[in-house]
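Here come two complexes built around chain A, the first alongside chain B, the second alongside chain C.
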Partner chain A sequence: MKRTSLWRNGFFGVAALLFAVVMAVSAGTAIAAKENVVKIGNIIPLSGPSASVGVQNQYACDLATEMINNAGGIKSLGGAKLVNIYVDSKSDPTVGVSSAEQLINNDKVNILSGCWNSAVTYPTTQVAEKYGIPFIVPVSVRNTITERGFKYIFRIAAKDAWWARDQFKFLDDMQKSRNVSLKTIAFVYENGDWGVGMAEQWKPLAAQYGYKIVLDEPYPSTSSDLTPVALKIKKANPDVLLLTSNASDAILLNNTMAEMKVKVKAIVGTGGGHADPMFRKNCGKNAEYMFDVVEWETDLGKAGIPEVNAEFKKRHGYDLAGESVDAFASVFVIADALERAASLDPKKIRDALAKTKLCSGPGMIVSYDCVEFDETGQNKNAGIVMVQYRMIGDSLERVSVWPESAARKGFKTVFPMP
Partner chain B sequence: MTRDTLDRTLKILAVLTVFTLPLWVTNPSYLQILILLFWYAYLTTSWNLVGGWAGVLPLGHSAYIGIGAYTSTILAVNYGISPWFGMIAGGVIAAIVGVIIGVPTLKLRGAYFALSTMAFGEGLRVFVENTDRLGSCVLNGPRGICIPLSNSFWNFQFMDKAPYYYIILIMLAIALFITWHMSRIRIGYYLNAGGEEPEAAQALGVNVAKYKVIAMAISCFMTALAGTFYAQLALYFYPKAILGLDLSFEIAFIALIGGRGTLAGPVLGALILRPVSEFSRIYLSSVLPGLHLVIYGLILILVMIFQPRGIQEPLTRFYKWFLDKVTVSRG
Partner chain C sequence: MDTILQGIVNGTLIGSIYGLAALGLTLIFGVIKVINFAHGSCLMVGMYAAYWAVKLLGIHPYLAMVIVVPALFFFGYLMQDIVIKPVLKAQSDVREPTEVIIVTTGVWYILDNVTLMIFGAEYRVIQTSISGKIFELGDLIISKPKFYGFIATIVVSLALVWFLKYTKMGKSIRAASLDREAASLMGINQYRVYNIAFGIGTAIMGVVGCALIPFYYVFPTVGVIFDVKCFIIVVLGGLGSIPGALIGGVIVGLIESMGAQFMTSTWTELIVYVVFLAVLFVKPAGLFGSKLDW
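So, the complex of A and B:
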């Protein structure tokens, strides 16, 4: 008896509240004034663990947008100005997905961009693909993002697999240009997701380039003593040593190898721990001549870098980093495509993006020559820079050395390591 | 107009409103909010079968949402089976798991049942987060699963939000009907008796544990369907979003605040708490992430102090008063 009456009465409450919702909805859908703008929706982490890189990303986009708008906006669209709408992803994939829906349906953005974290970019790009809105991915590196046959997704940065690819390309180039023969190779990597993943990519490449793998050694990154690993390397005596390490283990392994006088023709790191400023501080001379891969360095010998970097530093007090440069360049890629599309039709913007070949202009401060997308939407020229650690005065510095077109002025690769 | 006619008219109006809503609310974002609102109402109604009628407090229901989402998605991605069938498969698996969990734990009283369901829910989340592959099935650990795009009814994917709206609305209507029907047949009376006075009910020859397990199985089955629905709506899910304590607590909070063990409670709870959650998420989450749960907690304390049967009670009273007032004043 009591229950049925609750059922009956409760339903009215439902209806009343729904009416309220409807009223609120209809009040909220006032039509916004039409302006000549192109809206770019940026979904990036502005709070949470990745906030600092997200904010750098935002600053870089703002700077690029300002440069484009000050130069007259998109001329083929009657001088339309670019407007960035930033949404905080909180590094949460679910928030990324719902933000993309929100930006497409409510804010009616013309283009989407983001999301820094691969984990967020991966599902969020699918929303853009579903609605057919072009999505520019400046930095997320997970391979699969551009490997799903999507038509509206374009990535500026190199994929994960290309780090490994460029490590081998560099070695190959060195063998040829320096007439050094490299026959044997050793893999030493931290045993987590990242290290194991890198090693999986190294193996087929080693076979392809004809190296003999003499050591394949995963180690726990938290070890307090890496003497056994260093001993194994010494015993295997490889020509090339490839490393994937986090910060503390990179320092420990490097100094242990130096103590044991392990001599290798080339030691190549994979960023991460080897790019950490602590590594430079704690290894000093022990790490001299070692190589490391990175997507970008401020010392690259390319036109425009000093000016843009100086402006950025003036505003925010720190240098541009590889990831912010990708974000910076992505805005110019968007502007270039819009200029050629001469339309806000998402399909036309998409087609123009697919035909991108951006080689010059203020946005091209990247380490390679041109931005061009392959049929999967991946920037096929996205490259990696090889840096070599060199002692300059008393301090160990990262000097860009390869590709040679982007090397720091006055420096040449020292190969093999002395 | 007599009191009964007014009552009936209002009810018909309410049903009409709910069913024609997508005709006026064309903005997909608002529709999405309504879909999630009904989704929570549906989940809480399913939870209510155990948490409300059977007199225990399950705090691990997100586990069954996860089972539903993962089962239908794996079947669709790996074997090309339509999520509509996957949905049923997920429901059956969830019901079996529910029975396995329920048989030993439903005999426990008070906090013990709540704790053991919580442990199971968390255990499942940790397991999934650390498992990339299960045999030939890809779980992707903490990275979650993306469902490939292919808009068709068969694939349970739609370009518009309206079909999702109607699906969840019908699911909610069925869930409410099941609850209403159960409250009128033997199992409902047994559960109610067993929930309030298990010793007395047992003394009268009611096999309380058996009916609790049956209720658990039905509840888990229905909860798993919601998991598939969510997966197909978002086309992406990962363990943190659909497994784990946050979601389990949210369901329990909605039921407790709305009115546990009543038909309208879960729906009213969702109607009132979901907007609170949405707004706190939009405006306050950068200051204090997870604040909506804190707000829920505060509301829960207030409701428990002043309206221990949930907010459905004062609302019902208000509605009755309104009916009386209108019909009296008219004559």
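So, the complex of A and C:
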């Protein structure tokens, strides 16, 4: 008897709850349908090891969206407002894929964006391609994302091949101009898609430039202790150390190497964790003189940067990073395409995106002149800057040093690292 | 040769800290027969407590234990009393209450996400007076915070063993863990014993938190990194066994540290699991687990 009544109560309770939920959801969609909005589904890591960069991404998108909406929204769509829907990918590819399905089928988003981690972006973009929904990739750099002949995928950031190419170009430049001989090289990278992809680019380049690879070490980003990795670097004693790290491991590895007194002539990072403002805050002097490849820096002499950065810093207490700028610019690229498409038909948005040539406006605080996509959907102008970490006063700053044209005035590259 | 010795030293030191973290888990299991899935989150709470104590009061991280450890004790005590006890009572005729596992999993998610809401996803590292400090013996480099963590492990384990052996409460805890009904008949309030055992298990996480923050960063899901390790260590050493947790911790630390000298560190995780399975195969109760029970 007891069991039946419990079942009944339970059943009615659940039924009532379901009813309430259905009502609420349908009410919500009814309101949404009446409002003139364009929905952007953002799949980014908001918890887990990449959460801090994911959140920065979100903040940057919010700021850009607010700027566009305050300026009147999408005029060709009757002043339609952009609305961001954020879904936490947890840096997990399967979550990314299921979120994309949900955003497309349930939330009926018009455009997708994400996913920061290349490992998540790679399968998730496949879902967007299947449904024919335009997908903007602000930061995931793995080459193959735009090399599958997809029509609906557009990437703002440079491919990892370009990052690797410029890392080696920089080292070569330094060898020649500073008369430093660099013979041996070590690769240390997180063992996800991104790190492994970078290492694949590095190997042929190392051969081409005549380096001897003395260490090739993928490591798990979620390690609780990176002393073993630091010890291996010390033992291999390379001239150059190339790193690809996510945020938490970048901090841990850097501080552990300092503790273990690892000395190399040049440490070069690959953005990501090394570009995270948390890295600067948490490493301080331990990271001084290290180099990092970025797409963007606060000290670049481009109009609009100081204002946007000041506003961002006012809200969140830290500077924009290269990746947040890509996310920021991506919203303006979307707005520009929508303006030209003058329609919410995914095919028309896609065609407008393919014809993008965005060179001015408040969103163009990127380091290069224009956003333009080639036939694979890759932004062909994405450029790269080398920065060096320097202590200025009490804080660690990123100073643009290479190419010479982008270098901050009054600073000289310190090479090799002391 | 140097790196081998260095690896052994580092593996032992970091392994002992893993062991200390696993100690709380093994104690709670040994007494209440509950696998506390919120264990990593308790560690996270301990680390945040230590972080804010050092940051706001400007005190030495080890001095912060004076505040953090009692705070974590009450945190664990109340968690057991308010959240877990009702479920335990509802299942009082079951020997190993499985529903509690679901409850602790819920606590884990709630704690992690509430922390994410309050403190945000960012990584926090605090520069303390011993962060990055080292002892140098010839070429051998020993990290001071890890060394003190090792000392803390020894002190806490000895204190715990003494407490369980010689105090009245300790004896009650052991009695309740052996047979909760017989213990109740002898006049032991089993739920009070559980509260205290849970409190102690959590208080140990306060010690670990204070030992970790000079060299490790804090973020809302930091517990997950240590959680999996703790479970492996506890099962490897034998569920409910105190020396088992410590030795298990050192074994895992050594495998991670030494394995990486011979292969990429991606593979050392595999070795940990292979050793884990091999031990279970040969000795299903774990290294120090008795066949019967604790």
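The criterion applied here is as follows: the second predicted complex is superposed on the first by the 227 of 418 C-alpha atoms of A that agree within 3 Å, B and C clash if a C-alpha of one lies under 4 Å from a C-alpha of the other, contacts with A are read in each partner's own complex, and residues count from 1 in each chain.
Here is the rule we use: contacts are C-beta pairs under 8 Å (C-beta built on N, C-alpha and C of every residue); 3 or more make two chains touch, one makes a residue touch a chain.
Quantities reported herein were computed from a predicted structural model and do not represent experimental measurements.
A.B. asks: Is A:S47 touching anything from chain B or chain C once the two structures are fitted on A? First, second, both or neither.
C.D. replies: A:S47 sits against chain B and chain C alike.
A.B. asks: For A:N282, decide between first (touching chain B), second (touching chain C), both and neither.
C.D. replies: second
A.B. asks: Looking at the overlay, does A:T94 come into contact with chain B only (first), chain C only (second), both, or neither?
C.D. replies: So A:T94 only meets chain B here.
A.B. asks: With both complexes overlaid on chain A, does A:A207 touch chain B (first), chain C (second), both or neither?
C.D. replies: Touch partners of A:A207: none, neither chain B nor chain C.
A.B. asks: Using the superposition on chain A described above, determine whether A:A303 touches chain B (first), chain C (second), both, or neither.
C.D. replies: neither
A.B. asks: So in the superposed three-chain picture, is A:Q126 touching just chain B, just chain C, both, or none of them (first/second/both/neither)?
C.D. replies: first
A.B. asks: Have a look at where A:N191 lands relative to chain B and chain C in the superposition and call it first, second, both or neither.
C.D. replies: The second partner, chain C, only.
A.B. asks: Which chain A residues are contacted by chain C in one complex and by chain B in the other?
C.D. replies: Residues 46-48 of chain A touch both chain B and chain C.
A.B. asks: Which part of chain C faces chain A closely enough to touch in the complex?
C.D. replies: Within the complex, chain C touches chain A at residues 2-3, 6-7, 10-11, 14, 18, 112-113, 116, 120-125, 127, 131-132, 134, 141, 143, 215-217, 219-221, 224-226, 229, 253, 256-261, 264-266, 268-269.
A.B. asks: Note which residues of chain A are touching chain B in the complex, please.
C.D. replies: 3-15, 17-19, 21-22, 25-26, 28-29, 46-48, 88, 90, 92-94, 97-98, 101-102, 105-106, 119, 122-123, 126-127, 129-130, 148
A.B. asks: Of all residues in chain B, which touch chain A in the complex?
C.D. replies: These residues of chain B touch chain A: 7, 10-11, 13-15, 17-18, 21, 24-25, 27-30, 32, 34, 142-144, 146, 148-149, 151, 159, 176, 180, 183-184, 234-238, 240-241, 259, 262-265, 267-268, 271-272, 285-286, 289, 312, 315-316, 319-320.
A.B. asks: Quick check on the complex: what are the chain A residues that touch chain C?
C.D. replies: Counting only chain A, the residues touching chain C are 46-49, 51-52, 54-55, 191, 216-220, 222-225, 227-229, 231-232, 234-235, 247-248, 251-252, 255, 258-261, 278, 281-282, 284, 286.
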